[in-house]
Amino acid sequence: MTRRLEEIVARFGGNLRGDGSLAINGLATLETATAGKLSFLANPKYRGQLATTRAAAVILSAEMAEHCPTAAIITPQPYLYFAYVSKFLAEGPLPPAGIHPSAVVESAIPASVSVGPQVWIGQDVCLGENTVIGAQCRISAGAWIGADCQLYPGVTVYAGSRIGCRAIIHSGAVIGADGFGFARAPDGAWVKIAQTGRVVIGDDVEIGANTTIDRGALEDTIIGDGVKLDNQIQVGHNVQIGAHTAMAGCVGIAGSAKIGAGCTVGGAAVILGHLTLADGVNVSSGTLVGKSISTPGSYTGTVPFMAHDDWLKNFSRLRHLDAMADKIRALEKRLAELEKI
Amino acid sequence: MTRRLEEIVARFGGNLRGDGSLAINGLATLETATAGKLSFLANPKYRGQLATTRAAAVILSAEMAEHCPTAAIITPQPYLYFAYVSKFLAEGPLPPAGIHPSAVVESAIPASVSVGPQVWIGQDVCLGENTVIGAQCRISAGAWIGADCQLYPGVTVYAGSRIGCRAIIHSGAVIGADGFGFARAPDGAWVKIAQTGRVVIGDDVEIGANTTIDRGALEDTIIGDGVKLDNQIQVGHNVQIGAHTAMAGCVGIAGSAKIGAGCTVGGAAVILGHLTLADGVNVSSGTLVGKSISTPGSYTGTVPFMAHDDWLKNFSRLRHLDAMADKIRALEKRLAELEKI
Amino acid sequence: MTRRLEEIVARFGGNLRGDGSLAINGLATLETATAGKLSFLANPKYRGQLATTRAAAVILSAEMAEHCPTAAIITPQPYLYFAYVSKFLAEGPLPPAGIHPSAVVESAIPASVSVGPQVWIGQDVCLGENTVIGAQCRISAGAWIGADCQLYPGVTVYAGSRIGCRAIIHSGAVIGADGFGFARAPDGAWVKIAQTGRVVIGDDVEIGANTTIDRGALEDTIIGDGVKLDNQIQVGHNVQIGAHTAMAGCVGIAGSAKIGAGCTVGGAAVILGHLTLADGVNVSSGTLVGKSISTPGSYTGTVPFMAHDDWLKNFSRLRHLDAMADKIRALEKRLAELEKI
């Protein structure tokens, strides 16, 4: 979709410098931009690319504007501005409202909803206006999905799950499968505990491809407003995630963990069960969080990698750390004895 | 479903204390129980919640019974009892037997089986009595699935896989995809090794959402009776998992690992290929098991997380552990020299 | 499928020793082979199994041939030979060409293509000759898939993705979902950045079950020729993976990482974003790669596991490593003082 620069500024604000009638046909990085592209400078380390960019215009801050040889949109938060524009330029037509003839729909749904090919919607499902259900989604009985949601093909929603408005859910995501709860019988067999809670998801949530969010055991699993979950994340039963918390791919959250609002969790981090993380906690990628965190801030627990032979040499010592500490203590004592003489 | 307290005791045993005609309409924790709920006390640390619970009755041990102000079911294993009751109270009607008209079924199946909307069942598939195949499952040619199984919507079963009776398989699980086996050609290209083994799964197995179990290369991948696998677990080709072993979410098991019976594997743990774990091994969450374990017990290998700056300070030392050990040894020698004087 | 030994040698070369008319009905390991099986000896540690194997014939190197009591195919690379033969013996009939009547196909496709039950193929999709689309795959508008590909049931391909020839894609894989890109607004909300790049996959790529490959943000995510990805791998937006790189299960690759050609990445390894890995880098299982690697070779960063009590004792010291290093330095100084006396 092509927009004139002045249309963009009229919509999102910022100070326009240069020819507002320039036609913008897409976004690009400074380095790869071609004619007609709008670019952005958010990270000062790319400032050097301004001089040679072929972009038609650049979104940047007032401090950077003097270095910019092209038309510019000047705004205090270029990256955020870029985000807004990206959606504006990418807007395409929504799939047509109505139910594809190959879908099996067992509930009454609003006329504005789009139900794709081979979708199954069970009984007593409630869908909000303008929601788009992609091909082959499976929406089980009693699920409730708000307005203006987009479910990509092949999403599964278990019975009774609740999803707020404006959700974006990617393919292969599974919402509301049973939590992992068993009691052990004397003979070692595991006896299943019926998982009767729900998944309750707020508004403006995005859920990545093949991410799984389990239903609660007795109470609900709760995902706050504005939470963003990347791909292949596992959220156990009874977990609570506060508003505007974002998690990168492959994160695992064990059952009954309570994660605050405005947190970030790096890729492949693991948060153990029954812990509480305060608001504003940032967990680094690959970190295993094994106890609660009550103070906002950044937390890390990963080991450096090295050439394999160096690793062998250094990391075998980990089995003897306690002994090393003892040796140091013993040395300190002996030395003190000598020093006394 | 509502049951009287005496019905529960008649079915599952235990000593009833109080009014057996009390109507129980569900389960709840001590803290959140409302009128009509049955609760339980399994962990002594919640004993203090007995005094104020609003539960109609509580499942607990004889030792705890004196502290309980409500009706009670007294049993030596309250949590196990709770598990049995949870299923009893959660029982709803099964989906109706028969084949949904939108399903494509290329095999003869028992009249008691329920085949949901848009299911595909290939040729020569064998399904046991009363098994429920949820919407959009794909059961490939020659698969064999026992009686009383429940496959949630969107499960994939590859050709020739065998699944025992009473399996519960959650959405997005993939049973029997090719193992990851290649030989490297001189030019660096990987030449695929045909994966001709099967997946063979015992009775009473539960498999979580988006979990994948690969078929064997030449022989079979074998999952024992009563094994419970949480979500997003990857089981490589030729793996063997002994009876009643349970694994939490995001675990990865590399090819040809042999895991004993009655083991537990914590979330996001990784077990490397061609290893053997004895019966009764407990692997902690996040632990990478890099060699075989022949003795039952608990094993761990994770690093503590800390505030990011503390981590930077401490963990950079890991690159110098070997040098630290050398320095300690050198100090010990020099000190011994001095002590001789 | 049964083949005579001489047919195999005629097709793949090697020196035949023994009766070429032997009928081979499958492959097996030395230990488990029964009559009619062809086995192989690639790893010298299994040489002892030659004496007692019941295999009809064995693929092995000239050095090992003297120890082999059966017919033999002598070749310098027995494992590679075995790989070629495995495919030859496993060849079965392809699914019939044509479109299953339950499929919804909105594009013109070649007559040689096989479209399985309940598949959805959107508009403007381009499929190459002889490609097989398994049951319930969802191929969105504008996708391009080459010739001779095999998509197992339940694969999702997002709009505009490009996949080369001879791809094998397993169930539950999701190609082209949105990358994880957001800008943070002043109120803490995350504003989505439209993901407008594509996924572009070369020829001869295999993609495992439930693996996800995200589309690029502005540019494309690029998977080179001959890349092999196991199950449950997450590939972030704008990642580039060089030709003939192989990755085991559960690997996570964060956005914009550039991984060279001919690399191997062990299971559950994590590669952080915006890093560059040279050609020929081998990352060990479970290793978190937190900075770029410019030299080929093997790299590792994992901790040893141990009995839980030993772990408690040793790993608690990690919080004090920096202090330990300081103590060693202090000891060295004090000792030097004493030595001066």
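Note that the chains take the letters A, B and C in the order they are written out, and that residue 1 is the start of every chain.
The rule is simple: contacts are C-beta pairs under 8 Å (C-beta built on N, C-alpha and C of every residue); 3 or more make two chains touch, one makes a residue touch a chain.
Note that the structure is predicted; figures quoted are calculated from it, not measured.
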Point to revise | Pairwise touch network: line, ring, star, complete, or other | key: complete
Review point. Same or different: do the copies chain B and chain C touch each other through matching residue numbers, with over half of them shared?
Key: different
Point to revise | Centre distance in Å when chain B and chain C are each reduced to the mean of their C-alpha atoms | key: 25
Review point. Touching two or more other chains, which residues of chain C qualify?
Key: 102, 118, 136, 154, 172, 210, 232, 250, 302-304, 306, 315, 318, 320-321, 324, 328, 331, 335, 338
**Study point:** Residues of chain A defined as touching chain B within the complex
**Key:** 102, 104, 118, 120, 122, 136, 138, 140, 154, 156, 158, 172, 174, 177-178, 180-186, 188-194, 196, 210, 212, 214, 218-219, 232, 234, 236, 250, 252, 254, 270, 272, 283-284, 287-290, 297-304, 306, 310, 313-315, 317-318, 320-321, 324, 327-328, 331, 334-335, 338
Point to revise | Residue ranges of chain C touching chain B (in the complex, touch as defined) | key: 26-29, 32, 77, 79-80, 82-84, 86-87, 89-90, 100, 102, 116-118, 134-136, 152-154, 168, 170-172, 204, 206, 208-210, 226, 228, 230-232, 243-244, 246, 248-250, 261-262, 267-268, 285-286, 302-308, 311-312, 315-316, 318-322, 324-325, 328, 331-332, 335, 338-339
